[in-house]
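Okay, so here's the structure we're looking at.
Which chain is which? They are A, B, C, D and E, in the order written, and residues in each are numbered from 1.
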Amino acid sequence: MLINCVAYQDGRKLADIPTGDIDEWVRKPGCFVWVALRDATDDELWQMQQEFNLHELAVEDARHGHQRPKIEEYGDTLFVVMKLPELHQGEIHSGEVAIFVGSNFVLSVRNNSLQGFLGVRERCEREPEQLRQGAGFVLYALMDAVVDRYFPMLDAMETDLEAIEGQIFERGAARWNVQRLYDLKRRATILRHAVAPLLEVVGKLHGGRVPAVCARSQEYFRDVEDHLARINTAIDGIRETIGTAIQVNLSMVTIEESETTKRLAGWAAIFGVSTALAGIWGMNFEHMPELEWAWGYPMALGAIATSAGLLFWRFRRTGWL
Amino acid sequence: MLINCVAYQDGRKLADIPTGDIDEWVRKPGCFVWVALRDATDDELWQMQQEFNLHELAVEDARHGHQRPKIEEYGDTLFVVMKLPELHQGEIHSGEVAIFVGSNFVLSVRNNSLQGFLGVRERCEREPEQLRQGAGFVLYALMDAVVDRYFPMLDAMETDLEAIEGQIFERGAARWNVQRLYDLKRRATILRHAVAPLLEVVGKLHGGRVPAVCARSQEYFRDVEDHLARINTAIDGIRETIGTAIQVNLSMVTIEESETTKRLAGWAAIFGVSTALAGIWGMNFEHMPELEWAWGYPMALGAIATSAGLLFWRFRRTGWL
Amino acid sequence: MLINCVAYQDGRKLADIPTGDIDEWVRKPGCFVWVALRDATDDELWQMQQEFNLHELAVEDARHGHQRPKIEEYGDTLFVVMKLPELHQGEIHSGEVAIFVGSNFVLSVRNNSLQGFLGVRERCEREPEQLRQGAGFVLYALMDAVVDRYFPMLDAMETDLEAIEGQIFERGAARWNVQRLYDLKRRATILRHAVAPLLEVVGKLHGGRVPAVCARSQEYFRDVEDHLARINTAIDGIRETIGTAIQVNLSMVTIEESETTKRLAGWAAIFGVSTALAGIWGMNFEHMPELEWAWGYPMALGAIATSAGLLFWRFRRTGWL
Amino acid sequence: MLINCVAYQDGRKLADIPTGDIDEWVRKPGCFVWVALRDATDDELWQMQQEFNLHELAVEDARHGHQRPKIEEYGDTLFVVMKLPELHQGEIHSGEVAIFVGSNFVLSVRNNSLQGFLGVRERCEREPEQLRQGAGFVLYALMDAVVDRYFPMLDAMETDLEAIEGQIFERGAARWNVQRLYDLKRRATILRHAVAPLLEVVGKLHGGRVPAVCARSQEYFRDVEDHLARINTAIDGIRETIGTAIQVNLSMVTIEESETTKRLAGWAAIFGVSTALAGIWGMNFEHMPELEWAWGYPMALGAIATSAGLLFWRFRRTGWL
Amino acid sequence: MLINCVAYQDGRKLADIPTGDIDEWVRKPGCFVWVALRDATDDELWQMQQEFNLHELAVEDARHGHQRPKIEEYGDTLFVVMKLPELHQGEIHSGEVAIFVGSNFVLSVRNNSLQGFLGVRERCEREPEQLRQGAGFVLYALMDAVVDRYFPMLDAMETDLEAIEGQIFERGAARWNVQRLYDLKRRATILRHAVAPLLEVVGKLHGGRVPAVCARSQEYFRDVEDHLARINTAIDGIRETIGTAIQVNLSMVTIEESETTKRLAGWAAIFGVSTALAGIWGMNFEHMPELEWAWGYPMALGAIATSAGLLFWRFRRTGWL
């Protein structure tokens, strides 16, 4: 589905143009065309492939989706794939955007994602002195917008992790903690798969040998890399903390069980000694002199209470009860 | 066993040729021969070694099988070994294909694998404008076909992992979970051994200094690398998730045991106090005034029920029962 | 908030100058201006951006804070961000300082941090022969001061870790140990996030191709790197020890529980055999000859005591009791 | 102890020569001398050092043994140390071979190893067209022979691992499994210490800048590297599987214990309720009407059996019994 | 404290010289001065700084100690810091030696270490043909001596580890094992911190671009690197084995506890069934016909013994008892 197709020159919008006229506009010097597609049909992609002379393999990747993030050069054309993770009802769904950039065009193809990039276009059009840098700046603006979407997901994870950490030393919360930690780990992995492969390759867009189309915007791409590095470091931190938290949670469960076992042992001993004593005086021997004593019964109760009390005192002292 | 032996020129099939005529055809300019063997005998390999002037060590590797995946250059000839894992009755069997590629020939030797590459040949013959790139494109087509076979195995693993994840917080499923996770880890390791070594070396076929035979198809080999990288990342994700899942499963078992211990302790205390009280009133002292009371028995039952009830209420409140 | 703004020449302070005159002073040869801001307002940053011709992206980073430590070059200007972790009531708060350095100016912007850098300025002014190296030396002095603040935090962690290690084999300290270890890990992670990214990039300031402004102070920056490397190694050591300590702590809990279980089993057996014997002689059969024996009761007590004693002796011997 | 000392030319054996004549033979063009020592005395080593002009540090290493595998260049002489692990009664003993290679000599010094390299010499002499490559080929043949000895050890480990895996989900095998896994890990570590350091350095013998003596046999050394890489990957796989297996084994033990605890809890409850009921009807109150009922006793037995039966049914349903 | 100060020429000792004359001697061509200090005062260091023109930052490091091992170049002067771990009463104390090497001097400053380097000086003086290599050879001799001190510590650790491994599958040794393993890990970490940073940088002293003063002794420094690599590999092996051993130890404890729980469950069932049966026949119902049978009591004892015996036989069969 075509979202829009606009020609720019010198950082200013010239006109909304029909896709059929693209080839005229891209031939004008200093002019570039910015096309946005969404869940593109095969026909639309085929048309774009013709207009912009895109490489078959790149178009293939844009069509199928489920790519890992990457930045590839096909001759003078740059092909960028980025993940667009979105939260729907607590689950992360992974959309995708494929961006083709040449010296005189930008084509973005968005798949399985609800949020568009209209804001990016508006912001670019409000800053003509930067848009004048050309298609490379548009690529930066799109990448920056995508990366900015990762931050709220990261923040949500950090908030969740803190909530779990606040519960981790509470008794009885172990089951809930483990579930939350496992879920968090899964989400962290998804975000990491969106960020890490991109971080590996985005360095190609600034510094040493840089694709011509990005040359004027190098410092902006370094900024994108810096943001990605920040997210990546934060995710690594979260993942490691999750690992430790799972271990600590297991320790806490084991400690709790150990305490339960001690209590069980303590009370079992107290009742056990009482029952054994009562059992002895419940035996039916004919000659058990104490049974006939006037104070026999109170004495027996006293003996039972004393031994139970002694045990209780001793277990309390050693911290078992 | 010879599968077929065909000569191509300008991207079109010329003729099925007998293996004895290979040396004539490879001398024709712009012509290349594509030979496919399956579970080749020593004689067949020896003949091919003579025809294509293959290096002894490479032929040795193709004969013995059980190689790790690799890409090696012997002079102008490229030698590629890839794993062909196949599922038979839930078990992964690892076949292998060895491919020799020169400027004017392709020789593929398949071992211990049921699935052939006839589809690859057909597809190549249907696309003469690409087959015109020569033997390098055939290598790409074969590698692409092999790598495409890895995806369904990966998908099966991801499905299994999700099934296990759905069970991991269920009570009583721990034993089954551990077995499934261990089995999954084993399969992930096998697939990783097929992918990782190849990923390390496939970069040699595009980018910097590239073997002459691959030079025209570089972007296609980058596509193969990209697919391998995607599989590799996915396997790494699976392996890590398995590790966490095993840990979490252990935590769940320990939590469950801890809960059982608490229940055991709770009921032991309730029965213990009842038995102890009953034992006391079962003692045979002569002077136990309450035994003679008219309401002694109901009172005793009440005392037992009350203490048991109190304990029950208390354990319920603390979540032990 | 402006802290101060001073012009220097030949390593000596010339004058405190108003920010409005900065552009005059930076044009004088051999002269540089050192401005210190704290929790700068947007206006102040905007003014500084104009005076020193700072890059928009760097100013953006200085404004927002919460950056990861980094060293970036924008043309001839160096942009350095460092973390300023501070302890308030046992919690680590992370302030930040952003430093812009050009050939003729140093601008430091401190955010969310109570401790200033007045001491650094004083020390620089006391050593004119070194301050003569120019703005690069000021950058070194600031970085050195920041890194020096990391050492007491590291020392505190090492002291805490030793305290925990002293308790790790004590019975009953497991819960406290785990909590302390988890907290320590968290603090170690914060310090590591301040140190590790800086360590990765500080090598750019000495050795090979070095920004012009740092060229004369290379050996000093190598010293900073050495300090960072020392802290980083120490943190890695702490983190690893924490991991082992958590494992060992879990082992100790399990060992303790195992001992408790043995004791429980032992005493349960002793009381169990006593109760069973007493129960037998408490049965109401008419023909139980031993009940009528004169020495029946003492004999029964003896049997009970003997069997209990035998069990006790046996459990003691095997170390269960 | 001298094993043998032979001069070769053009790939053919010329003569067995006394060690005293070595210096004559090495001066003849196209001729090289191959000396094999075993558990060499200091005198023998000193003589060889003189004959071949070996570097003091290398001779030192060959004398002392217990080196890590390595490949070092001393001027034009290559010095190679390899481990020779051998199985004696289930234990791995680590012999060693040090090889000195120059353009016109090969000297191998074998220490603490029962198996010799006579087979290598014979094979080389049977293939004169390859031995013609000179001393470099002899080095390859020796290295290949050593590496080939690693494969049976690897196979034995893989067989053992499979045997353990077959037992890992069996009840009651945990102790045996842990011992076997630990032992296997130890053996894997020994083999890894023989392979990994070699793998790191063997790349020096093919590819880029190669020692002159190896230049003609580069493809053979790449084959050695390939074999080492295969072993190394396999060992890494084994080691990782061992780690997982230890974890899984612990999980199985914990699961088993959890099941035992459930059974214990179940039966304790069943007997506990029976004993408590029997105790109640064993109390000595005078007014317990049911005691006098004609059907009192069967009713009591019924009550006990019913409550025990109910508990049993319930525990069975929840899988505890 | 000055240990000694000697001038050498052509590999031979010229004279013990007062520190005040150093500047004369270092000016003589082909002559170098070797000074050894121990726990140097600030004055001594200041004097040496003047005599040898040392860089302020290096002297600073030598004064403060507690550096990580490192090799730094300050112009033509090489600055080396090495750890000197020493065993005092089972605890490792870490001394340090800082070495300054120029073309015509060697200055070693030893801190907190009892063992000196007199032996090194003596050995050097006995081998004039090597000492002729100059200050670089002295540096090698000192480094070699330091590294040689690491080996006995490594051997002690390996002996300890073997002792623990011999106990790891013994019942009841778990607590002792964990303590020993934790202590061993701590010692391994200390030695690693002495070795690993050095190993990273010692490669600078041989191979590619090498400081002039080391150029003639490159092969000796490669030997030092080889020794360091050997120690490092061994420590890594120890550390990994410790990790596995801690895991295995935990497994053994859990297995032991599991066995105890089974025994507890078994005996609890046996006594439980006995007590329950005795309780039933201890009830006071009037109509319990078996109580009046002549063989009632023996029959009851038989029933109890039979049920207990059956349980015992069953538990024995399943391995619980």
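Rule of thumb we're sticking to: contacts are C-beta pairs under 8 Å (C-beta built on N, C-alpha and C of every residue); 3 or more make two chains touch, one makes a residue touch a chain.
Source: prediction; values computed, not measured.
Both copies, chain D and chain E, contribute mostly unmatched positions to the interface they share, with under half of the numbers common to the two. When chain B is fitted to chain C on its Cα atoms, the angle of the rotation, on a 0 to 180 scale and to the nearest 5, is 145 degrees. If each chain is reduced to the centroid of its CA atoms, chain A and chain D end up 39 Å from each other.
Inter-chain spacing, taken between the CA centroids of chain A and chain C, is 24 Å. Among the residues of chain E, those touching two or more other chains are numbered 247, 250, 254, 257, 261, 264, 268, 272, 275, 279, 282-284, 288.
Residue ranges on chain E touching chain D, taken from their complex, read 168-169, 219-220, 222-223, 226, 229-230, 233, 237, 240-241, 244-245, 247-248, 250-252, 254-255, 257-258, 261-262, 264-265, 268-269, 272-273, 275-276, 279-280, 282-288, 319-320. Considering their complex, residues 55, 57, 67-68, 70, 72, 74, 172, 174-175, 178-179, 181-182, 185-186, 189, 193, 197, 243, 246-247, 249-250, 253-254, 256-257, 260-261, 263-264, 267-268, 271-272, 274-275, 278-279, 281-284, 288, 290-297, 300-301, 304 of chain B touch chain D.
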